[in-house]
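In order of appearance the chains are A, B and C, and numbering begins at 1 in each one.
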């Protein structure tokens, strides 16, 4: 129950930050995702769980503006309070959003980092894209964020390929968070990591999510990760959400036959 | 001997004016008009095979061929010099295929095809510079996908350009990019000014001459019309600056031109000379006149 | 309402889809309410559904029917069928839960574990630290352990860390699942003191205490959950 007891946004923020309605994209019968609707509030962490091929990643692509749905809508309430319909917005608006108020943490850090430039440049890129033209400021932001994600700031000029997998993943997180996003999508952020490294990353993520009051949509097949990070869960199976609710309730008292199977299949250490 | 010379002359006259056929030249001119209308924008064109390999100036030659008229005066430079193999060959190529007059003097030329330099002598209205470009895409170093770079241009998504400069400062303490230094044209498109030294970048800004850029392998052309704002990218705390030398040209004594370093003996002694041979010769001649 | 919690018609069933869809009815038409300053002790043999009731009240188990209304920021809030974020907000402000077992988060120090409920309510770190240290000291956790993650602690130490966490802030309604089990006398005494302090401060406590002395020390009323008692109102009052 620990994750659920974490800091929650005051209910005073009655308006959602992000909203999905009837999102559907099918590659074949029950392949892809269909009929997904939910609201996400500021500071809320939504976990999407389910086995491989259940449509988690498709859903994440639709939510994050990477792939237009066959049907349905995604909207986001920006810092200015205006709602933006993601797929009727222009490509320029979508891109701006993705590198300012949103973040995306890829499962494989190589997909989310520029491997050919230094750690500092990776962190500074979003700021440069936003028009920061002061090297000193970029440098300071790089050093600050490296220490926030527990990487030795002395390594600011090293290439990401000289970093371990866990460090690369933390660098990717820093690269995303430097622009102070309000909503971050994560695709199996601990997927490719050793268990020992996973714990450290999870703990870091947990702290950052709370500290920065981030709203997060995290796809994972690891229920322990879901329990630690997510406030609420959606369980997906064969392209549909079969159950949604409070994280600890879904994990401790699953209702749907598939959720029960999923939870009971996990080996308890 | 006589026979071969005669046959050479006959072959030359068998070519269409300036080697390319009229339809191709028309196509390129249309591309050029578009490029001039959208300063800094890369226009694709149907590049033709030229009788020399890619990397030897095929893009620049096609542009020159398309704009050349019978009364034009052509100058060709390579790294600033009129007398290198590449420059001599291209000059002779157009002398043979178009019969145009050629010159080594910047002020006399109406069309100047160049590899890697802009002449030191200020250009004037009515002159056209044609640049040979190896890689026209300034975003290519960081983004391999053509589709993505085009989208980035369309959306003015140029944050990554500064990533390169950031890396320079992080590695060398200053912006070490010395040639092909990216510029913003007319406050819109980011453009690779071809591998000219950044020393020449300020000459692009508000130049009275028309600048045309042709990439043969990549089949792209782009342009900077006369009197267009061309600004080199930089950081507030690391502003753009050109190379400077403590030495003067060993021949003409110029302290304002771009200097080449020459090793003159086995002991490794260095001399510095102007890279722009025409500029250097003009100065030397003037000095000698003054002496007499 | 004077009652900080009102439960009516509460039922809980488990459908075990993995076992041929067997349906277990654990709670049936449960009705009770508790006033501030009162301690309700759940009574009944093992398997009567005491822990299930606590977890259902906390929203950890999904109620099959009925109503759970808890006073939250001055107004009653219905928890059955509430949105997750509503439940989480009630849990942050108004509904505490102390189980026997600490869910350990890797790398988080004991002090931080204990301080968390206060920090999430927006306490200043320094204030939270004072309170947390005081509680850890009262519960006899050696100071040398405070900066360590409790993952490697003994069962009893972990349980006491969990209790400190539970009593870190005041809860209008507090659920206690055998907080004194397997504690030595001295520590049990401390926990009973904490419970009585919470009662004195006007909290509702609903708990399971297998240990008779503990039960008698804190109980104001009992809710009999044995099968024979057949869905009672609270049956008897001490």
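Everything below uses one rule, namely that contacts are C-beta pairs under 8 Å (C-beta built on N, C-alpha and C of every residue); 3 or more make two chains touch, one makes a residue touch a chain.
Quick caveat: nothing in here was measured; it's all calculated off a predicted structure.
Peer 1: For which chain is the distance between its Cα centroid and the global protein Cα centroid smallest?
Peer 2: A
Peer 1: Measuring between mean CA coordinates, which chain is farthest from chain B?
Peer 2: It is C.
Peer 1: Could you put a whole-Å number on the gap between the CA centroids of chain A and chain C?
Peer 2: Taking the mean C-alpha position of each chain, the two centres sit 32 Å apart.
Peer 1: On a C-alpha centroid basis, what's the spacing between chain B and chain C, in Å?
Peer 2: So the centre of chain B lies 78 Å away from the centre of chain C.
Peer 1: Please report how many Å separate the Cα centroid of chain A from that of chain B, as a whole number.
Peer 2: Chain centroid spacing, chain A to chain B, equals 47 Å.
Peer 1: Which residues, counting only chain A, touch chain C once they are in their complex?
Peer 2: 1-2, 4-11, 41, 44, 199-200, 202-203, 206, 210, 228, 231-232, 245-249, 252-253, 255-257, 260-261, 264
Peer 1: Spell out the residues on chain C that touch chain A in their complex, using ranges where they run on.
Peer 2: Those residues of chain C that touch chain A are 14-18, 55, 58-62, 84-89, 91-92, 97, 99, 103, 105-108, 116-117, 119-120.
Peer 1: Contact residues on chain A for chain B in the complex?
Peer 2: For chain A paired with chain B, touching residues are 91-92, 95, 99, 114, 116-118, 120-121, 124-126, 128-130, 133-136, 138-139, 156-157.
Peer 1: Would you tell me which residues of chain B are touching chain A in their complex?
Peer 2: Against chain A, the touching part of chain B is residues 142, 151, 155, 157-160, 162-164, 166-167, 169-171, 234-238.
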